[in-house]
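First chain written, first letter: the chains are A, B, C and D, and each begins at residue 1.
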Amino acid sequence: MADTSTHEQFDPLATGGMRRRITSKGIVYGALSVFALIYIAPLLIILLNTLRPLEDIVRTGFIALPDAETMTLRYWGEAWGSFCIGGTCEGVSRFYKNSLLMTIPATILSTMIGLLNGYILSKWRFRYDGLIFGLITLGVFMPQQMTLLPWAFVLGKLGLSNTIAGLVFVHTVQGISFTTLFCRNYFVSIPDDLIKAARIDGAGFWRIFRRIILPLSPPIVIVTVIWQFTGIWNEFLFGTVFTSGGNQPITSAIVAFSGSGTGERHYNIEAAAVIMAALPPLFIYIAGGKYFVRGLTQGAVK
Amino acid sequence: MQAHTPNSQTSQASLGQRLANLTPQMVLAPTIFLAFAYVVGFSIWTIWISLSTSTLLPDPTYQGFEEYAKLWGSKRWTVAYQNLFVFGALYVVGSLAAGTVLAVLIDQRVKFEAVWRTIYLYPLAISFIVTGTVWRWIFHPNTGVERALHDMGWLAAKFDWITDRDLALYVVVITGMWHASGFAMALILAGLRSVDGDLVKAAQIDGASMPRIYRKVVLPTIWPIFIAVTVVLLQFAIKTYDLVVALTQGGPGVATTVPAIVVYDLMFQRGQIAQGAAAAVMILVALAFVLVPYALWSAWQSRKEGARHG
Amino acid sequence: MKTKTTRALRSTGAAIAALSLGASFAHAEPKTNMMHQWAQGSEAAAIAKLGEMFEAAGGTWEQTAISGHTSNTLAKLRSDVVAGNAPAAVQLKGPEIAEWNATGATANLDATAAEQGWDDVVAPELLTVMKPTGNWVAAPMNIHRVNWLYSSREILDDLGIDVPKTWAEFNAACDQIVAAGKTCIAHGAADWSDTTTFDSVVYGMDQDLYRKAFQEADLEALRSQGMIDAFAQLRKMIGYMDDGINGRSWEESMTMTMTGEAAFFLMGDWTVASANLAGFSEDTDYYCTQTPVDWGGNGFILNSDSVVFFKQNDPDYVEGQKLLAEIIMSPEFQATFNVAKGSIPARTDVDLSVGGFTKCQQQGLEDLKASVSEGSLVRSMAHNMTVLQKYRGAMMEVITEFVADDSISPEEAANQLADAVELQM
Amino acid sequence: MSSLTIKDLRKSYGEVEVLTDINLEADSGEFIALVGPSGCGKSTLLSIIAGLESVTSGEVKIEDRLVNNDAPKDRDIAMVFQSYALYPTMTVRENMTFGMECRNIPKAEQKDTVARVADLLQIGPLLDRKPSQLSGGQRQRVAMGRALVRDPKLFLFDEPLSNLDAKLRIEMRSEIKKLHNRVGKTTVYVTHDQVEAMTLASRIAVMFKGVLQQYDTPKEIYERPRNKFVAGFMGSPTMNFLNAKVVQSDAGFGVTIDGGDGTILPLPADHTANLAAGQSVIFGVRPEHFNPVHAHRGDTSARMKVLVDMVEPTGAETILMTTVAGQDVVASVEPDDAPKEGETIELAINMSKVCLFDPSTELRLSA
């Protein structure tokens, strides 16, 4: 007993020492592979279609291998730099910056606020703190369509209409719900004694946050950053409605592909653009996936 | 003797002390204000607008519950509302089931675990719009699997769920599962790894088979994970909009329409803001169906917990 | 030369503006930001042309192209108005112009209109739409014809069929085509495209019914035997379509007809622009004719894109609105824009025989004139030119459900149509 | 001068009163143990002294200064937690300097102090490790070290040894005692282990259900418990409580066990104040105050016949589980004196050590 300490790192992903075996490894790998194929297929289909000329796609549909003679990387270039979107023929490159300018600050801000809120709501109990937490958490469930007009009004009053700053604001406020939920549930597992010890040591509110809580936060920071980054990056409705022209994020440009636009559809270029738009969140998931799961089980599952 | 030592300290705390005590509340205040404005303010605004005469633009003139009556008189809305529950249930249960199967498979100490995990988890990084679009390509008979099978010479092949009004909703469910089951898998896998090994050993000594051990011993012990995943997935289910728009646009007919689409359409396309707000309020009501029992349950749970420790 | 005219026009406009608004505005730099939903293809190119002309006339051009659904455009418009910064210029149409006008948010273009004599050159049937209360609040960009029937030359020639003129002929042709193993009607199901087809069906069977039902939302008309017959015809036509209509885009359907996979395609004249852009040509790959009418004569279901101007505080943008209105109404822009978009100019004084207009477009103008003189011209319900969005939306729901669900009988559909509209009253 | 004074202290959470009328004072340099079963309020009381919990009414004074509304940091106290509460992301050294850093003590002084305390506790080699790299005993030392560097007016210990295994616990216990002797600071020590309280404390406060039952020296508490609860809580195995009646005979007062054979157990004269013949009492005897008659140790004048149900040798002593007249009696005897299970033997009782309690008030009857 003496050696189990509350702050020991628990790694749920470290392979446990227990013996569990389904009789045949063959069945396991077979099943895993079948599933993997289903999961990979869509990505593969988009990827392959970025290489195929339009006539090829129109002739044989989306599920087909590129023809060795006609396959080309040209569409990537077009999607990046010269495809016409919203009347400007500069590809998706110009929206990339907007998406980054929107996503990064909103992610950082909502994460920081979430950390503070989580810290307060888990470690500084006061009257109605449970109610306040419940209220903040409810924000997670608010349908976006419902909030469009009120947000528009608020942004107008703040003079943030049609600005990326406005989008950052909206995403930050909406994000607070998630980050607070995650962080609070995570911090609950940090022993209260640490806070008491620090208070007796003479540390105040901020010093405890900086010296005790923050150094313990990386797992949950990774979770909220991944969650917020992908969520905000992939969101299109606010981007479409609250910004215009050259201020729009990349998803608002991509979203045209699902709509019934007129004119010929350049599926190959669109596929390339879709991949480009999906790269940052994909990268973040692949790079941080392990920590994401670890942090999530410590935070969300309480 | 020591009873009345003159004391410079009054029984009141000093101003600085009291301010220091209030720091947490003061730091929290802006967030509370924002959250309050966002959750409560926006909800009340929506409720009010749903009772107003608003059409093209919000207009606070009171009208009553007429728009609710109109909303519930429309077939599209009843289908959408019903879809929300059918889709929500199937999507959550399906994702949990698929996630459990995947987690148990990966739990068999397979090689390259990180690779498998990443493969199953990556869809979560893909936006709903892209998810819907790609799966539309795959499901649509003219461009997807059916077409590919025809091209391969199997002309009798038929895979047209997406165009079948009775099956299209299941296409949405499957696509949703593709997106979310990796998330369920990841959390359940982490849960499996946290299960006490002695438990499994004990069950093995009792002579239980591995599938039985999972079903009867391991999975029941990690039920809180299932609850947590359910809450996160429900949140996706209730807000589902982009996925359906990209995948089926609510069709065939209105077969796959979901409430969020109706809200958006009424509020913005049709200039019936009051009715759209009424639909949004109904989404909140649907939410209450889920959240109120959950809140009561967890309150009951924590009271039970408290009773045990106290 | 044209540029010179425009400049001259502009300076006059500016002078008038300076007179009416006070000297302090005299140095206003015309600026505009136009919100529209033409994000891609030929339409985007057409709008880009507008931008070029605006800049050539000395203005600063910005545009906000909202991709995807019209609801996205309208969502943005509403948000901007609620936020208190209404866009300077927005692509809006039909009864919405009147609705927005009623909110008092729109700007008055009477001065510019009077100066340029819009009343004399704009097609008369557009006037009520552009001047809902007698004042100009919108500038029409074009006239679309909704009731076009595109026929695959290959199939018609192979089977020796003439382009059908009535619905009976149409059905007979379809029976023959289906018997020959081809798809008769290319279609991509969506509420607006289903309704587009139904527009033509109702109109072609009984134009008075069309007016009563779709322009006046008359409940009795919606429930009438004529409407039941129209639904029965639509049901028949669904039988002539293949199984893949759900989830197919209209461009894919168009391609089916152009490549001889399907015989007919019912769609508006924007098809012409897309088909030509995709390399198909009139009379070689396809024929364009009006959709069948059972009452003989020329029919025209009209749709028009227009730009509405919202009140602005910034004098630069006020100035920009005037300039933009002038340019939109200029014969040069009307010609360029409509060549690209497949439609015909909103001005009746543009010569279609020059400047790249296709035969279909020229045909369209002729039919329009004939239709006006015959009194058969109607506006399109499917394309939001007649009733309020709430009625149109309710109708579209019923129609698209009818297309998707075989079990709904024409009688039920007509009743549902009337009920759905009544509910919104 | 009293170092800690608690006067008429009450603490309630809403309706629930968790501490009632606590009065307690500690002289400078004293070692006070707060004992009681879990939920008795001892940890709450400690938290109140530390300033981590607020006071509902009453006074808390440290060195005669009212500190009711002072923040923990202003009370000049140090505390060792049950969980140690070592900051997991800091090294041992940082853990120890954190408090000084908060008080802006110069770096050089911090360094000296850490060196001195590390020396004292023999944790010098551990200074650059993280808590997760330490064993339980080492963590315990570090936790104490963190308190020691502060040189506070008051040391607070919250069950500091309960997470250690038995052997280490005894080691650390004597170490704490040595440390206290050396440092000489007033200490308040919360424990649920009465042995710790007995061995360490100069005075013990026994608490139960939020009420201070008795506050006295270990010897007094053990020998003259104020009530049945204190008597039962202190001592292991616990004191035997037998239902009995007071009888008066020529030889003076005595007791008879209810349902027994009527043997009179004579009470020493100094135990008989306030007694009346026929009165029902609870007759309390500690296990070690029994002796088998056959062993012939000490006075065997008061005897009781018991049936031995079970014999549990522990090495140093042997515990007998017996019954007399349907009531359980536990006796602790010399291993050599142990009878066999199933035997009926006679136990002699050291009557000068017994206690009598009122069955209704449970207060000890005789002075």
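The rule is simple: a contact is a pair of C-beta atoms (placed from the backbone, for glycine too) under 8 Å apart; a residue touches a chain by one contact, two chains touch by 3 or more.
This structure is a prediction, so every number in the text was calculated from the model and none was measured.
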{"item": "Chain ID, smallest distance between chain and overall C-alpha centroids", "value": "B"}
{"item": "Centre-to-centre distance between chain C and chain A (centres being mean Cα positions), rounded to whole Å", "value": "40"}
{"item": "Cα-centroid distance, chain B relative to chain D, in whole angstrom", "value": "53"}
{"item": "CA centroid of chain C to CA centroid of chain D, Å", "value": "91"}
{"item": "Where chain C touches two or more other chains at once, by residue number", "value": "69, 72, 75, 78, 82, 190"}
{"item": "Chain A, residues touching no fewer than two other chains", "value": "148-149, 204, 237, 255, 258"}
{"item": "Per-residue multi-chain contacts in chain B, two or more chains", "value": "20, 58, 142, 245, 264, 267-268, 273"}
{"item": "Every chain pair in contact, whichever chains are involved", "value": "A-B, A-C, A-D, B-C, B-D"}
{"item": "Chain C partner contacts - residues on chain A that touch it in the complex", "value": "58, 84-87, 148-149, 151-153, 155-157, 161-162, 237, 240-242, 244-245, 252-253, 255-256, 258-265"}
{"item": "Contact set on chain A toward chain D in their complex", "value": "1-3, 5-9, 191, 193-194, 196-204, 207, 211-212, 215-216"}
{"item": "Residue numbers on chain A that touch chain B, as the complex places them", "value": "10, 12-23, 25, 28-29, 31-32, 35-36, 38-43, 45-46, 60-64, 113, 116-117, 120-121, 124, 126, 132, 134-136, 138-150, 154, 173-174, 176-177, 180, 204-206, 230, 233-237, 251, 254-255, 257-258, 274, 277-278, 281-282, 284-286, 289-290, 292-294, 296-297, 300-302"}
{"item": "Complex interface listing, chain D residues touching chain A", "value": "47, 50-52, 71-73, 77-79, 81-90, 98-99, 102-103, 131-132, 135-137, 139, 146, 150, 163-165, 168"}
{"item": "Residue ranges of chain C in contact with chain A within the complex", "value": "33, 35, 38-45, 47-48, 51, 62-69, 72, 75-76, 78-80, 82-85, 87, 190, 192, 249-251, 255, 270, 273-274, 277-278"}
